[in-house]
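Okay, so chain A shows up in both of these, paired with chain B first and chain C after.
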Partner chain A sequence: MLSRGVKQLGRLRPCSQGILPSFACRGFASPTLPELTKDRYPHVKRGEFAKLDQNHLKFFRDLLGENRVLNDPSDCEIYNVDWNRNVRGYSDCVLKPKTTQEVSQILSFCNEHRLAVSPQGGNTGLVGGSVPVFDEIVLSLSLMNNIISVDDTSGILVCEGGCVLEYLDEQLANHGLMMPLDLGAKGSCQIGGNVSTNAGGLRLLRYGNLQGNVLGIEAVKANGEILDCLSALKKDNTGFHLKHLFIGSEGALGVVTKVAIQCPAKPQAVNLAFLGVKSFDNILTTFRRAKRELGEILSSFEMIDEQSIGAVMGHLKVKSPIDNHPFYVLFETQGSNDAHDQEKIHRFLENIMGDGTVLDGTVTNEPSKMRAIWDLRERIAEAFLHDGYVFKYDITLPLEKFYSIVDVMRERLGSDVLRCCGYGHIGDGNIHFTVTTKEFSKDILKRIEPFVYEFTSELKGSISAEHGIGFRKPQYIHYSKSDAAIHLMKELKKLMDPKGILNPYKVLP
Partner chain B sequence: MLSRGVKQLGRLRPCSQGILPSFACRGFASPTLPELTKDRYPHVKRGEFAKLDQNHLKFFRDLLGENRVLNDPSDCEIYNVDWNRNVRGYSDCVLKPKTTQEVSQILSFCNEHRLAVSPQGGNTGLVGGSVPVFDEIVLSLSLMNNIISVDDTSGILVCEGGCVLEYLDEQLANHGLMMPLDLGAKGSCQIGGNVSTNAGGLRLLRYGNLQGNVLGIEAVKANGEILDCLSALKKDNTGFHLKHLFIGSEGALGVVTKVAIQCPAKPQAVNLAFLGVKSFDNILTTFRRAKRELGEILSSFEMIDEQSIGAVMGHLKVKSPIDNHPFYVLFETQGSNDAHDQEKIHRFLENIMGDGTVLDGTVTNEPSKMRAIWDLRERIAEAFLHDGYVFKYDITLPLEKFYSIVDVMRERLGSDVLRCCGYGHIGDGNIHFTVTTKEFSKDILKRIEPFVYEFTSELKGSISAEHGIGFRKPQYIHYSKSDAAIHLMKELKKLMDPKGILNPYKVLP
Partner chain C sequence: MARVLVGVKRVIDYAVKIRVKPDKSGVVTDGVKHSMNPFDEIAIEEAVRLKEKKLASEIIAVSCGPTQSQEVIRTALAMGADKGIHVEVSGKDYETLQPIHVSKILAKIAQNEKVDMVIVGKQAIDDDSNQTAQMTAAVLDWPQATFASKVEKGDKEITVTREVDGGLETIKCKLPVVISADLRLNEPRYATLPNIMKAKKKPIAKVTPKDLGVDVSPRITVVSVEDPPVREPGVILPDVDALVAKLKEGGHV
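For the complex of A and B:
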């Protein structure tokens, strides 16, 4: 059972697409079972929660039946370890409700008996948010995986929180629709988890964020109360918009049991271009003009620097279809008419190459060639691991300063590191800043942190672009949020979950 | 001064485009000054708030100077009356801060002294949410109208809450950008008010809602605390997403002083089509296929029934470019290449007219002809007034049932009314259901209400699609929201504004 992380690796695309699902994407990851979190992070103390006893188990078994209450430590292990094998709890109780009513009864009981709960979707999170820190009961949504309705005309999907993202996308294809989000972890991650973590991903530039696309939510509060805000309507201005309490709050304010999402039509044409440019400024110029000239069909716009692509080409022998350049751009279009899209792309490329902004480029709509180009982008993180040790940061910076973190860090680190580079989603201002060394070095770590967070904070950037705070980053949240904001978050937590049973030790400092 | 409502009428497009700015759009409106709200709605009692005295005024004058504290009843009058002249407060204090700090000091003082406050943007709201009910101090954001930054590359605008929507759109045009929302009231409404009311409008189908487009908010809480969530980043997952407390909460949880919004590129091509069809089912088929075949360029999709267009053609002598039909569709495209867009539109129309789904149609990109077609849609509400009395409801229904309210109501009302009809935003499921009579009739009112809300509720629709709850609808909110949701809203209100000084008597029952 413990090899699940490895076995599923093949199905998942690497981190470049959003939520990181694999070892390959984390510098600190290891294929062996991690230390228990309580030992690795001894400063975090277990809260004043009850310890699971036979009476509690009897209640759960009476409610769910024997099969949906896991109590054997070996059965529970995969629910205790995160995808990165970075953190590990020691819960010996995993509950698998099939209905919102059951979730409600579980939480009501846990709240009454002060039992801490760790809600879990596909367990593909990257900040230790989806597994127990100590012995919290795991509330797995996996069996709540029914599609409730798909409205072909409005494009509105209503489903349970445990539906796997890729499954939803496949089912929507039968209706000529697609999910408005696409993540590397799509084969495992669940829509309830996506919503709870406000997952981003590759399609955000074109199809927008979950805050715009989620129309309704049914959630269960810590006290078991069911909150029905499952409006499947594009417009509904009747009171405060409570659904947003649950989008991106990482399960700390409630458990998302159902969602209504608006889904765009599946594109009839997809094209992919790969370009070489001389400077980061040229990338910005290209992006600015692509937004204007490709406008409505632009669906992705990514950048890669020379050191990043060098890792893929060197370590993984992936070939580039164009010559070497200091920077690369990969952009994708999705549209309803291939001839029109190609004409737009060719005209755009003629102009932008004609004036020297872009030095070199190729464009294709052949699936195998598109796959090969995507590999150059998506396998970067995997390639870095071959250097030895990877220090990786997922931050948002204002676009004009997007690449400045790399320049500044190169000055600070000099030749003491193997690589200091960056790549990421230009369209979202989200850079994956990366440093590699032969092996882990405390000295290098100290020269990177907390400087990288201070630098991000000074530029009013975000220290977590899309991965959330989880267990790993609460102590850094003040770099992105004011004291007043953190205080209000704590007040909200107290209001929604006065006993603090939902996903304790996470999100808030 | 009292003619402001009338004088500004000419600059505003009618209600069909979103928030209703004019008399013409409300059945109950009258050109004379309305009764005081305290007299018209005697069941609403003034809260236990302090009454304004000279000491309070001295504090405000010391803070803002004489000119930015209005105290003369005639100066205050336009701030007391809503656009529809439906409600009227009797505040004799209007404050006009220029900075967030001033807003903070005002609210801190009012909170300490238990003075009730009515925050006000452009005062174009339609549910009595933006004017005092009794003698609440009016906090006008009009002088906080500075653009702070426009990032050409990311398309992110940061500005103060008092900026007028049309002004922002004009300024963005210099950067090749546009606002992602378009409202009838654009010449007067302010972005802070738009955000506070989660305004919808005509572009929502294409550019999404404010919940997706607003990236950051600076707001001042009831106690004067400034909450800086003004992240101008597309991705920022650091803690609970507090900005959503202020989007659509109608000023009851805080005052929006600054916003960051992502803005799309201005389209280079716009086309407008006007079609005649036989049945409502044919409208849905046309919409479904337009979404697929026009996909990325579709920017608006509206429907009009025969009785609605009959009012415009009969009363206002607006001419239709096509023959009479039971139903009409108006759709607009916005794109980056006019030749491509026209080719897509013509192919779509050939197909959909070829198989008889659409009986008749015309398409144009000439501004004057587009204006003439838009008039057929936008002047409907104005035309209804010529019938006599108008009962008007702004509701969202599931698309398949969009028109059912008209069919059901025709059965209920029979020939006792002049018109019973509907038109609206198919793309958003938002119908403007309308009944007209020669004069006001209590009997007809009773046959419409509360049935129309019960009907909407049974179909899980929304009793307020885009106008909000304000002062006029708190007693109906339970038709769209559960008791648990309303209870949580009340708890949030208590948390954010324990003394209840912000926009009292509104939103919540």
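For the complex of A and C:
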């Protein structure tokens, strides 16, 4: 049968894709909506905010036009539920501005009339921070998706906050550059949201934090004032570095409308290895040696356990390159010369297999194979959703104890749960510990929280490595931050947003 | 047990976005990631499975192309082929290398190596020619089983299920035979580390078309290579009457 060969392949071996927030496109096993947040968490009370009325809607429609103001409950549904299907608000108003001016006018109006606002990017956040808790107006940045400039020489990108991460990466490729961060949600997450949550991701090991890569930010304060700190300069020590107020503050201090980012050169040579090992200790050994023997070319070092990969292979039918092993390591190298890198990698792999630290594995530099292998790591979160309900945790622990949380929790939960497993950025000491059950259970939740946070706190770890605080974790911040620090955060919030209209009920206890 | 020859082609990796050169003479290949043609991976996989079932004794991987084609032969060796033959064709000769040349090359090697089966992918994802298997069979005057989605080997013959437009056709062919692999024949294995290491020691012989007595003079000239036309945006119509009017206007009704 004559056909375009490539088209045939596309159908049977889907490329890694972003995960669309829309229910219509998800095709998941069970499209059941979670309970309304206000019902599941009755102790959280709606604040003293105004209720949306026709006058408010008229203002928005006059400002944005009919098409960019959503008011129908069914249209608003996807904006009300988070990606993990943990929480659900009941907002009946979604605004879609196209310019910073419009954002400014919206916030100024909301501030004046005491209307609560929930800023939203790609809605891929995992701590319930990107959707309304009650009926807050959703301020979606999705239409602010223009690239303003790319400087080939300095590698500096300036763009609007609604640009999707994968799109930015594709455009930058034309300039020989790449985004300094990468995460599984890249097909849907927006850079404004990434910055607001100080997203980490798969390449933090090599390219560092957004705290370092973001050179400038333009944000709009709660009262509508536009704060232009968008200097696209690597060095600019002129006064307090205000941009840091918005990096990681999860929309509580302002809405990020533009970003200037330092982008590294796109590597000429990328290699990916997938290894099977017997024990967690083998992973640590492999990591130590990889740092030494691969050093400057190591760009990512991830770990997956048997149950996590089982979810991806079982629910999403992604194939593993090797047989079953209790643990897997996925590491990537990026460099400027493929021949050099391959020599280093092959020597490393020969040695580490020769002495039995690693039992089996594969290595490749072919884009199609690398994408297929990355799917085994990047689609784990998506796969868990097919189990039913996902209790997801994101903690930093000392490396030696990285996997201990899973062992301890397995004992605590036994066979009352479907899965109790962990995977994640072992290179950064950050494990995504996850429990899945068929349905939400208050009992299971009680057995996990606050134990998991106490356990983390005792080991002086972080109760939220990269996902942030959002709605699910304000009451646990004290496990990782001092009272004085939390107090100062509250002062800053009062200063920047006296009426508390930006993302209320979240981030701060 | 059969001796098997597998043809493998180095093509641009199917996950890479293809770009046409500004002068329209071809696509950009410099600095672009290449890998083994996916249908050839399926061909190698089938050969290796035959060997694992003790139905094949030796697998020879052959590739025609510049020096980099050796990488694709190494992958074949890592998947389980025993030895490789690199037919060096580079520069202008490679740009105009066509299935008619490749089939003569494969046929000659098949005769030299006294193979019983030639397996290739049904088509390459760069030119979509779908000719090499058929032409090779013709040159050798061997039976051909193309678009194979299942192969069963008997003593002196094979039973092959073919994917055809009308459904599935099952045929029997006497050995020696040429087979072309279709998508559903199997799912190729990843080359695992121990095999990747072993493959480094397997031999790759180098020959030229001249050594094989094959003339690779160009039989075609590429006139131009262009992007497919940009898809026109759709038009949203207010009601069914407008739709009918538009359809009539376009001569569709």
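The rule we apply is simple: the second predicted complex is superposed on the first by the 369 of 509 C-alpha atoms of A that agree within 3 Å, B and C clash if a C-alpha of one lies under 4 Å from a C-alpha of the other, contacts with A are read in each partner's own complex, and residues count from 1 in each chain.
Following the convention adopted for this analysis, a residue touches a chain if its C-beta (ideal position, glycine included) is under 8 Å from a C-beta of that chain, and two chains touch if they have at least 3 such contacts.
Computed from a predicted structure; not experimentally measured.
A.B. asks: Figure out whether A:Glu366 sits in contact with chain B (first) or chain C (second), or with both, or with neither.
C.D. replies: A:Glu366 contacts chain C only, not chain B.
A.B. asks: Using the touch definition from the top, say if A:Asp228 reaches chain B (first), chain C (second), both or neither.
C.D. replies: After superposing on A, A:Asp228 lies in contact with chain B but is clear of chain C.
A.B. asks: Based on the superposed arrangement, let me know which partner A:Pro321 touches: chain B (first), chain C (second), both, or neither?
C.D. replies: second
A.B. asks: Mind working out whether A:Glu350 is in touch with chain B, chain C, both or neither, as first, second, both or neither?
C.D. replies: Second partner only, chain C.
A.B. asks: Taking the stated contact definition, name every residue in chain A that is touched by chain B in one complex and by chain C in the other, in rising order.
C.D. replies: 268
A.B. asks: So in the complex, which bits of chain C are touching chain A?
C.D. replies: 13-16, 31, 33, 35, 38-39, 122-125, 128, 130, 147, 163-165, 183, 187, 190-194, 196-197
A.B. asks: Within the complex, which stretch of chain B touches chain A?
C.D. replies: Result: residues 151-155, 176, 197-198, 200, 204, 208-209, 211-213, 225-229, 231-242, 244-245, 247-249, 252-253, 265, 267-268, 284, 287-288, 291-297, 334-337, 340, 343-344, 396, 398-400, 425, 427-430, 460-469, 473, 477, 480-482, 484-486, 488-489, 491-493, 495, 507-508 of chain B touch chain A.
A.B. asks: For chain A, which residues are in contact with chain C within the complex?
C.D. replies: Touching chain C: residues 1-2, 4-6, 8-10, 12, 15, 268, 275, 319, 321-322, 346, 349-350, 353, 358, 360-371 of chain A.
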